[in-house]
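Two complexes come next, and they have one chain in common, subunit A, joined by subunit B in the first and subunit C in the second.
Up next, the complex of A and B:
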């Protein structure tokens, strides 16, 4: 009896245990890094300034194409500090002034900032305005000291400014607006307090101004005309000689000024190269006396020997990169030169005055997957034997940053990962029997010891050493970074495509790079000059068939920036990172549609739509055509033309009617089009459901045992349009002249299922579509707050299926086919709420079976990711929910959505420059994997309704064991007691 | 946040009176300059992870990312070249919750400040932004106590076991044999309640 009671009480307690779960999803501070990882990047380096003079920490300050300004440790490549500027605040130049401030010029030369070098604190900020738009140039006059102050010379917007580097005060300014002057360079001859402003006027006039840097006084103005005109940049060769190209790019001009006289010397390039192969380009460089020219693939180094005489130093057809000059001692300069030769790069450091007197010559083995060297920055140090040593920072084609010193790569940073454009996932290989990659499980004693430690931790009895031991034990758990598939589906490969055209495979366990592959490698540059990676698709996912094949991804790219440039396809094995094959297409790629069909080797059929709306089927196999012909009439797609405000729907018509027979090409026909009136509406956002989303059930049981049927269609498109005036920034329109219209459109028929207007609202709109609902975020100008709205769409035609008798008698319509062509009877419900923050991105969690409730993942303007339960965005919320509704889990209505700090997925971290959030279901239904990318990467696991199907990480097995032992002991004790009692009863 | 929209007449009056030219001044270009200050009160941020005085990582954002600026060591910030209109300023600082601020830049009378927190519609007399609250991103582990062990499911289980072992025999002992028989009869009729009948309603967290 006691045992029966115990079982009952156990069940009762178990229930109590489950019902008492805390609904807030949160993390303890010591759990950071267990499930998540965070990586910081900076992007492709544009400019680097070394700071190594002081005896303290050696650092390099860099500005990048991702608008990051960062200070890096020169010893290990780690980030000391970093700031990500706004996307429109492009950095034009950086430099270091008075040894402790980093000066940055950004926003087209209109903002000048100074940052404290040790800690990255902004010291001052100045706004520089000017009369007209122009090139912006930054120059710090380090040798001109005025009361321990360096003067910063900034040429911007047609005006020359001198700014004090201590407080950012403008000392003097000088306008150059009078003439149509196109300023090319601002030059300071070393050791003088003069500044030269050099430029072209009216494209054939060469102008030179001499200005006193102390007070901005114009000392001299010279000009000379050259009938041939000028092309591109000028390069300064010495203090009185400049080189430029004429407008045809075939004649080299040497411009020299002597005592106020400007003279031109013309040298045809064909004289230098032998036969001219095409227009030349001057590579900007600052080495005294030497400049380099690029003619096609040939690089020519030329020295100017006074009076405009030129001497060709070297002609090479190897890929070459040159650094700026570095002054090593009084009047001596050196520069670095890097040349590619096969799998090696040759680094040479040459003095400026002696071409053959190499200061350094090294060969370094370079990974082919890094591509070409794009930029070189040189710095020197003094060795222990008082001789000069050189270190070189190089930026590669894949945007990585490497430091070379003494013939070795000291450190490297994979900064290509700062600009991810697409993400997909791949499973890891299945663990084969016998070839276990895992370490042999440590023995039972170790295991028990670990759990005893954990138990001590949970009971808060552990000493600090014990805590440290627990933490390290948890973090280094080899389980999560194994290279095989796991039972729960937590371990996967994240395949990412970067802007540099490189594929990386990241392990979800710890974020390390498993392999990387540069799409445009050294060996075949002629096929496609400017490859732009576009998208990634899962090409082959062996599942039931073809299990011995490795999964592969399809990379779709384009040759060149224009939309009708020919496309490129590449197929990459996701286990090894090897390119299986690549195709250069004859047609362009406007749209890629992964079809829901696979062939016998589980290759997914893809339809590529080109700019002329022809459809091309891939893979090009007869089997694929066979599958495709069967589904020919079921394939629809749409295109959105933002500029014209037109959405068009298409279907397939017939085989292409072109001169070249191509049985994989199909013509399309336009089915419908929705034209938005251009004077009142402009398309600002479109969003559809994810193709691979799984929905558990169509029915939604509501409080009073009633059922509502979700309208689940894969062909729904959410479109948001705004008044043309209101598509700009906040603050540019009044509420009266702005509105926002949200549409739900069926993309097969073009039917508008729902339309709602938000008066006094404007974009930008961020939206996410899942199951039968769409959530969108916009700005309400009347309240001057952001709002989020939800629209849920329900199918009414099934509303009368609820009758059980109909089901029994077979009169229900559950089996009737669903067709987009039948006129849907839908109802929509919607509601709006205030939301505090601006958004950068929004996504929704996705799980394997779609049973787990959903959470919205909101990327805020502060670069954090907030998880918000979908229950907060439920149109059925009301101020006073009934008892039944409360039981169903409906939250009382509030005017704004709550921001619970514990539900920040990124906890105390920032994903700087947040761009996108990707969710991938794990095999375990409760869990979803979240990957947020921007300049930083962040990955974590999330359980929107808690891990109801597995034990949490801090589950204490030891406590369970102890409890079981105690229970068994108790059973024995009671048994003995009852036996004894019975005996006593019997004796009585 | 339970925010009750209300306008406090006193505050409104104050902010009309105290509006200074500090906040907005017309620049040399086509726009205006908004100057303001972020102040994180001392005392806040001393506990937990948030580092006090680490203001170099605070960003001030105009109109959802149109302009982003940083704080000077004294907490001041400025936006240059802002056109007339109604703007939104947000402060992004790890560890603090700032309300966005609505700022009206008027072309007719430059220098006039109109700023209000959008979360609680409180007017600001000058553009000094303070966090509404601190944000604690982590759950705090409860310190060890006997009660937490007893209250944990395992502890309750053990406790209940003990009760059953030591008190039940006593209860049974004191029971009237007649009543005892009746109770046993009843139990036999009822049977052990199935798990399924207990589940609905209990499974929802």
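Up next, the complex of A and C:
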């Protein structure tokens, strides 16, 4: 008996040991880069400062619209160092001081930092405060040396500061708060230690202050009134002349100060252009004596020749971009000018004093998909023959950065990828049959060679060179970057839409750009002035029918920033990147609803809701309307008005009653509305299930073979509201006056299925909805910690369908279609846990059939992606689970969620400025593809329950093959031996 | 290969085989001793032979009952093993359960063969056969019961609904926060 007990307990221990081998997701050091890739970007460059010749190494420091400061290598465009500032820490200006520090002004002018030029380490940081909000200006006085120190002049928040560039100490400050002054510029005439502060007061008064840069003493104050008022900016033309526009934008003002007297000179623009074509804009530039005006599409270059006399240098209707001035020698300046002409750009470098004396004139072929040149930065270098050479850095419309030198593009960076706004995926073409024999042989040989090497590695026979060869072979496997569909569905195209309105197709194997397409290309500017790309949808995904057609995506855009602006649709072939067609819509686009129906060519039906709540059906084909009419009464839509705190549900009523008969337009009828009391609740987050999510089963088997039926409705909306007071920053309210309410709303009937209040909690809320559960993250003010909650929703009305015989015989109604109007009875289970990190984004893994267990992908504040098993967020967790529950895999309840360092999906990397995480199922059920984007891009494959349906990548096929061969050989040998033996026996 | 390997080597010149005990006259070159009649052994004395046959039939019947009862021991053994294996699914318990299922089935398949040696006109084998079958069925039942305790029989609702696809929804509602 005792022995039996011992054996039993031993068996139990053995079992426990096996079950404790949790599938922890981690990889070995040599597996980095096999399945994943990481790309670093900086975003659209706002400002670039070149190193001076003295510093030797050829680098450029840039600040970007993604709040990145980076030092780039001028030879290859690589990043030397990079800092990504927080999203609310917008960079206002950068400059270089004392040849070794990069000075940045950020956060609306309130933070001044210095970074060490070679390695990017922060040297000092000063916080600058001021009395009122104003423009922020940064000026480094390089020619004013005070004990080998450069003085940094910062105008911010209505106060002028002089800061030492060595330690960031404020040397002096001067307030400009008394006057209602709107400071436009801080000017330092070269060679003097005076600083001029120029601005407008009361919109018609021109003010000028002369300040001693050494001690901040106000030397002079002049002002003059101009009745016409001022518009926009002033541009400094020379040390004594400024140009500005009057409030109508039709008169050019030349402001000159001579011996303390300010004088205005008025020149109507129509005099310069001939016939005035609307308001003009002064392009900011710093070239002495020359400024440029933009009137509609015409650019005019004007020189100021003393005493307010103007001379028109050039009028052009080509798209033009001008750089700042670059001083090339004592008192001489040059600037770069780039003009578009067809598929080429013309780069000219001109000296400031001689318009026609071009220093350089080059034509460079430019890809049309890069659009217009937005910014130009010029730099010079000394050639080997001691003459000057020029290089220019240009920023294109698609946010890419290019270096031009000697008539060539030296390098280019696709920095548009730093601001992705939407992602979708597309399959690759199917592999064509008929591969040549030679190729197969070659491949076979390579394959064998590779596996022999691998075998050597596993048998520990490989030399270090062999190991290196194995590693490089694994990393550069041609298999993963092929342009054809693979059996496991790992190779796909990621179609991304960037803020610049450019589509990119990235290969999932290595992240390279397969094609790119700029939506607003050069040839169609008149159709839509300011196209804003909004969203991407899968338009056509051929898989059953229409296999010979290429898949396509729908890009929804809008002309201009307002909601009522007309929409633009563009259909792009995902294999080639060519635009198939584009539509300029007559109506606006407020919402796009992909419907769960496709036509015979696998085009998905989409419903576009305009601002007047008309629904427009696309594609506009008779077939589509036929499909739509069949389902007409079952299609609903809802809108979330987070400003008013109302959620409204609509049904479609009838054809539009407009003067123009439109078969594809439908009126909506309001069915229900959920109004949140504005004094106590404000909508802060909504989330729904993904349309393409696949759920394997409706039943959840719990301990003791019991069944719970999941409430799997696609028409569920999770809404989180918070007290209006508590919608600010964490810590701005006391726990008593802050609360968070979570709702689950059925969007067909408007029924609230569940409501829960978290007292003493506040947003921001990040939520993810999948299957029958929602997980959300918020801050608990009482516990001073972040919390994550899970709500699971179950269908109680089906709970009694448990008769085995009925199920065996199929006499149940579990698979019959259900309606939200049947008001199914639901129960919810929920639980909350503490969580250490604050979040940037949250997503969930998705697999092809939905069988594999789920993992939450948490984008942490440290810009990493953490995988957390859904099992940790199971509301059935308890402190002491029963034996049966343990067998089911329920983890004992703990008050906080564990963070296992090995389960960081991004391992040692960081996806700077993380914005979103997208998961795409692979064809292999165990595997899901994860794409995280922000300023950086990161892609990897995940197997939440490990790759149970395939052999691992490092499986040694060669070893298997050799074993089989050896076994077969052994069988033959022994067979022959035994035959021989038998024969001998018989002969005896 | 086994016997007398060394002797049977190439050096063998002659050999006498003492072990020949065959009864065939052809293999004999030595005449029978006087008074010994080989034929008398084979001849049947009717009375003796009937007695002998009865004894044999009795013996066969007894043996058949013994064979029929043999699975009972097996049953006990199996029960003990099953209890040892516990009620969780793992290699050991599955192996035992499947052998518990397989043994009775294979035994039932070979009922005829098992009782073949005891086949006799005078022996009634029905009783032993029935007992044998009953005991084996008992063993089978034990195996099935074990299978059920392991949870491998589809006797619960969960076994039938666990892969039911989600029900279709009649209505479709879409929408997001305005773009």
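Here, the second predicted complex is superposed on the first by the 898 of 988 C-alpha atoms of A that agree within 3 Å, B and C clash if a C-alpha of one lies under 4 Å from a C-alpha of the other, contacts with A are read in each partner's own complex, and residues count from 1 in each chain.
Note that in this section a contact is a pair of C-beta atoms (placed from the backbone, for glycine too) under 8 Å apart; a residue touches a chain by one contact, two chains touch by 3 or more.
Computed from a prediction, not measured in an experiment: that's the story for all the values here.
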Is A:705 contacted by the first partner subunit B, the second partner subunit C, both or neither? second
Classify the contacts of A:83 with the two partner chains as first (subunit B alone), second (subunit C alone), both, or neither. first
Please indicate which partner A:832 is in contact with in the superposed arrangement: first for subunit B, second for subunit C, both, or neither. neither
Go through the superposed model and pick first if A:887 touches only subunit B, second if only subunit C, both, or neither. both
Which of the two partners, first being subunit B and second being subunit C, lies in contact with A:642: first, second, both, or neither? second
Looking at the overlay, does A:941 come into contact with subunit B only (first), subunit C only (second), both, or neither? neither
After superposition on the shared chain, which partner residues are touched by A:761: those of subunit B (first), subunit C (second), both, or neither? neither
Between subunit B and subunit C, whom does A:695 touch in the aligned arrangement: first, second, both, or neither? second
With the two complexes superposed on chain A, say which partner A:122 touches: subunit B (first), subunit C (second), both, or neither. first
Set intersection of subunit A contacts, subunit C complex versus subunit B complex: 4, 8, 11, 14-15, 18, 887
Note which residues of subunit A are touching subunit C in the complex, please. 4, 7-8, 11-12, 14-15, 18, 534-535, 556, 558, 563, 589-596, 607, 609, 631, 634-642, 649, 686, 688, 691, 695-699, 701, 705-707, 709-710, 712-715, 747-748, 801-804, 807-808, 814-821, 887, 985, 988
Which residues of subunit A touch subunit B in the complex? 1-2, 4-6, 8-11, 13-19, 21, 23, 26-30, 32, 81, 83, 85-89, 110-111, 113, 116, 119-125, 127, 129, 459-461, 729-732, 764, 779, 781, 783-786, 836-840, 860-864, 887, 889, 894-896, 898-899, 901-902, 904, 907-908, 910, 945-946, 959-960, 963, 966-967, 970, 973-974, 977-978, 981
Any idea which subunit B residues touch subunit A in the complex? 1-3, 27-29, 33, 49-50, 55-56, 59, 61, 63-73, 78, 80-83, 85-88, 90, 92-95, 97, 99-100, 102, 105, 118-119, 135-141, 143-144, 149, 153-154, 156-158, 160-162, 164-165, 168-169, 192-193, 195, 198, 201-205
Interface residues, subunit C side, partner subunit A - complex: 1, 8, 83-86, 88, 90, 92, 151, 155-179
